[in-house]
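Before any comments, here is the structure.
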Amino acid sequence: MVLKNLHLTLRNVYTKSVTRLYPEEIMDLPDAFRGQQHLDKEKCVGCGICSQICPNDVIEIVKSGKWYPQFDNGHCMFCGLCVEFCPNGALSMTKHFELASWTREGTIYSPDQLAAPNKAELEGRTGGYKK
Amino acid sequence: MGVIDIIMDSLVFIFAGNPFAPWIRGILGGLVIGGVFGGALVMVYLERKFLGDIQSRIGPNRVGGRFGLLQLIADAIKLFTKEDIIPARADKWLFIGAPIVALTSGFLMVAVLPFDLLVIKGNEYAIAVSRMDISILYLEAVSGLAVFGLFMAGWGSGSKYSMLAGFRNIAKMIGYEVPLGVSIISVAVMAHSLDIVEIVEAQSSIWFIIAQPLGFVIFGIALLADLGRIPFDQTEAEEELIAGWATEYSGMRWGLAFFAEYFHAVVGALIVSLIFLGGWNGLPIIGNLGLPGVIWVLFKTIMVIMIFIWIRGALPRLRIDQVSDLGWKVLLPLALLNLVWATIIGLMWA
Amino acid sequence: MGDEQAAKQIIDKNIMIELSNNFPNAVSDVDVPSPNRAVARIDSSNVKEIMQFLLDNGFDHLSCISGVDYPPDKMEVVYHVTSYSGPLVITLKASIPRDDPNIDSLCDIYWNANWYERETYELYGIIFNDCPYLKVLLLPEDMEGEWPLRKDYAGYPNPT
Amino acid sequence: MTHKATQITSPTKPSEILLHLGPQHPLQPGPFLLDLKIEGETIKEAELKIGYIHKGMEKVFEDRTYIQILPLADRICYLASNSNNDVYCRGVEELLGIEPTERAKYLRVITNELCRIQSHLLGIGEYTTDVGFLTMFLYMIREREGVVSLLEAITGSRLNHNYARFGGVANDLPPGYKEMALKTLGELKKLVKSHDEMMSSDSIYLSRTKGVGVLTAKQAGELGVAGPPLRASGVEYDLRRMEPYLVYNELDFKVITQTDGDVFSRVKVRLLEILESIYIIEQCLDQIPSGPYKQDVMPYITRPKSGEVYSRIEDPRGEMGMYIISDGSDKPYRFRIRGPAFATAQALPPLLIGSYVADVAAIAASMDSCTSEVDR
């Protein structure tokens, strides 16, 4: 009959709801999380392997002082291949994932922006954050 | 000439038998309709919150503080500002009229629902817009009107989904009006009256849910089917017919159609609390604790509404042929059986 | 389980020998690269008989039909046939001329060949004779005749 | 089974109408067009038209290097992204003649089974909304969150994992993973059992599912389906057992079958497979050897010798195969994807004929098709 359903669903009323109120509360992100890329300018030699391996042509090697990669995150799919194949370990992935922008230019990250301290860590928005 | 006369005549008919002065009845009518309107709003809010609890969600929580109290107002503003689309192939007047008809039948039903009975100097004053000798018959007749609204929508939209939903609706209504009517008659037989006020008064010693539990179950199932709530929402089965008869509606017209459903649900819950749960008689054993009867009626109505919501959260949807099977092959024989039972018990009481 | 499977594999191996014995002129280049895979070339005019033979011998599951384009003069239709009771996948390749690509349809033998044939038709322009319902499946209807998976395809609607 | 009834013809009688379900329809996420010719509520003919999100993946892959295909192979179907990635990697490994390390094999089995669990949970969830049981859908999503988080903790991404590599995997297990996984999966096991009980005790649910959309073993074979729809008909066809890849031959598991072949059995198979997958993961977490999880050197350009390979895997939805032809360059010459959902989608129209419109949703969702993969 249907009584078991009624009973089990009513029991669920007393359990805690699982909804996260997103902008205020961020879920726990694991260390392996693939968010925005971070560039270590000290280590980067500008070899361009990242730009060759990228399946979506996100990465362009530009000159800003030396040659560094520039990311157009508008069509990045965060597969992490660039980080994995970087011969010097200059690229890494951070937990910053709130990358929306009002303009197309806003999604292009220059080497300087990539090398700056990570925004998510500055604001403490890397998970487990409670208001 | 003619139309106004007919309207006036029917108004006189509706208001007949109520000892209040006409202006009091007018105010009362406004209050009652407004109250049920408000009740429908409360039901929408409760449905979101309680269903959220059942489904491990929070429900509305942004507009109007933590509990989302103003969510409905935000929704109404959204609906009012949306574009109103009438499909090119729609039958325009049927399309426009359908939600109005659906809502009006709900309004008409409210007219005879009593909320309390005051006895002042030996005179009975029912807190109702109109007190009729045959109010329960009137209720059944008017509730049948709602199906016209839905079928008008189904036919007038000019869409196959809506039309299928309209067909299903007619099939369902025919199947369930009969057990619904028979179980109401059983109540009337037991109370020896067709007047809802007297039916409620007859429950002062024992509620009809206890006197005829089978009748209550049949009435509840048939009522759910009439209201088109899960598990009987075949007329707006999302995964098959998009939104059924409401598929082509948009903006406030859709809002009206949506609201008509909740209005009907509140009226349905009111009827259940009046004819089965003792109305203003308070609870068994503890009595009415000196509280006004209106409070008790509202309390019981909200409880019934919560049960509606709970059922919606717990059950899947039946198929339309199974719905018809249930109505004709199970509920109708049982309803007749219940009528026999009610007659015997009613005679013994008399 | 292990013994049964080994026995089954021996039977599976035999099927290739039987196949080449039954169709000495149509089947060539039989190769068994691994216990679960077997490859052979077949003559494009004998596809139906060979498939019927395989179906009768328990290979009741047509996994896939794919087209391959080898410009300038050759195309291949590749069939992957397997069975619901054993692990062996038989890959059969039928070569057809590129200027007149057509081959017999398998819809009478394997019901599910239909969509694969339609797909191969729209992407390569290979005509499947007697296919009950040969029309575009994935592409929009106005792209029929473009054959986009051919190697010399340049883009639609304006070559890029 | 003829092809006739799966081609729509225009109505001949006034009582027949053509009903177009789609291209935008709540029946399934993803666009498709299901044309039905109905008389009353009974379906006379059905035809499925697909291709609304044809992405031309096979062509795209011919233009990408082998490494670049890795993340793109995920996106064939986001619910089975790990399986797709794995089957691709095994194909290329065979072409390259390398073997993944022992630890990597276990890691791939763990992620594949987690992937199967989350796919089944969502599949059942979608199915339950189609019979009007929204609450169960939300419960399934709630349960799925935990499993997806487990996948995320290993792979770094919630949906498109991009985890397998040629000869290994991308990441090792994070510290403390075993305790975390056992806790989540233990709770999941209890919840799945409770949901199973809830569904199989509900008389409304049973009347909606028992005897609906019956596919006998013979028909299923004829229609070419694989995976849960086939196993629900009683055919013990599971590539994990039939063609043991990775380390499945070292693991103890049952091939779940049901006999009725109706909608109820298909969902039941999925529910039981979730429990079986949990059991496999528990074994893997116990047995997993230490050692390297990927090859020492992985060049960023891979050039397999020319040849061809057909690799296949037991996807959550059935048999996923990839046929790769290499001509010795760094890009595949031909890349053919044989998706399981394509086969199940093809088998849907003949199954619908003779049933009611109200059952279309139930039958279609119980086949658990995926438009993204059908169209590729």
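For reference, chains read A, B, C and D in written order, and residue numbers begin at 1 within each chain.
Keep in mind that, in the parts below, a residue touches a chain if its C-beta (ideal position, glycine included) is under 8 Å from a C-beta of that chain, and two chains touch if they have at least 3 such contacts.
All values derive from a computational prediction rather than experimental measurement.
Participant: Remove chain D from the picture; does the complex fall into separate groups, and which?
Facilitator: A, B | C
Participant: Report the chain whose mean Cα position is at the greatest distance from that of chain A.
Facilitator: Measuring from the centre of chain A, the most distant chain centre belongs to B.
Participant: Could you put a whole-Å number on the gap between the CA centroids of chain A and chain C?
Facilitator: One centre to the other, that is 44 Å.
Participant: Suppose each chain is reduced to the average of its Cα coordinates; what separation in Å results between chain A and chain D?
Facilitator: About 27 Å separates the centre of chain A from that of chain D.
Participant: Return the distance between the CA-based centres of chain A and chain B, expressed in whole Å.
Facilitator: Each chain reduced to its C-alpha mean, chain A and chain B end up 52 Å apart.
Participant: If I count partner chains per residue in chain B, which residues reach a count of at least 2?
Facilitator: Residues 54-57, 313-315 of chain B touch two or more partner chains.
Participant: Would you mind listing the residues of chain C that make contact with two or more other chains?
Facilitator: None at all.
Participant: Could you pull out the residues of chain D that touch at least 2 other chains?
Facilitator: Residue numbers touching two or more other chains: 135, 139, 142, 202, 204.
Participant: Can you list every touching chain pair?
Facilitator: Chains touch in the following pairs: A-B, A-D, B-D, C-D.
Participant: Going by the contact rule set out above, which residues of chain D touch chain C in the complex?
Facilitator: Interface residues on chain D, with respect to chain C: 1, 3-4, 6-7, 50-51, 54, 56, 58-59, 221-224, 226, 230, 235, 237, 239, 242-243, 308, 310, 312, 319, 321, 323, 325, 333-334, 336, 338, 342-343, 346-347, 375-376.
Participant: Considering the complex alone, what residue numbers of chain C touch chain D?
Facilitator: Touch list, chain C to chain D: 36-37, 39, 60-64, 66, 68-69, 78, 80, 84-87, 89, 91, 107, 110-112, 114-115, 123, 132-133, 136-140, 148-149.
Participant: Please give the residue numbers of chain A that touch chain B in the complex, ascending.
Facilitator: 2, 5-6, 8-10, 12-13, 15-19, 21
Participant: Considering the complex alone, what residue numbers of chain D touch chain B?
Facilitator: Of all residues in chain D, those touching chain B are 17, 19-20, 25-27, 41, 128-136, 138-139, 142, 202, 204-205, 207-208, 356-361, 365.
Participant: Quick one: in the complex, what on chain B touches chain D?
Facilitator: Contact set of chain B toward chain D: 54-57, 160-161, 164, 230-231, 233-234, 237-240, 242, 313-322.
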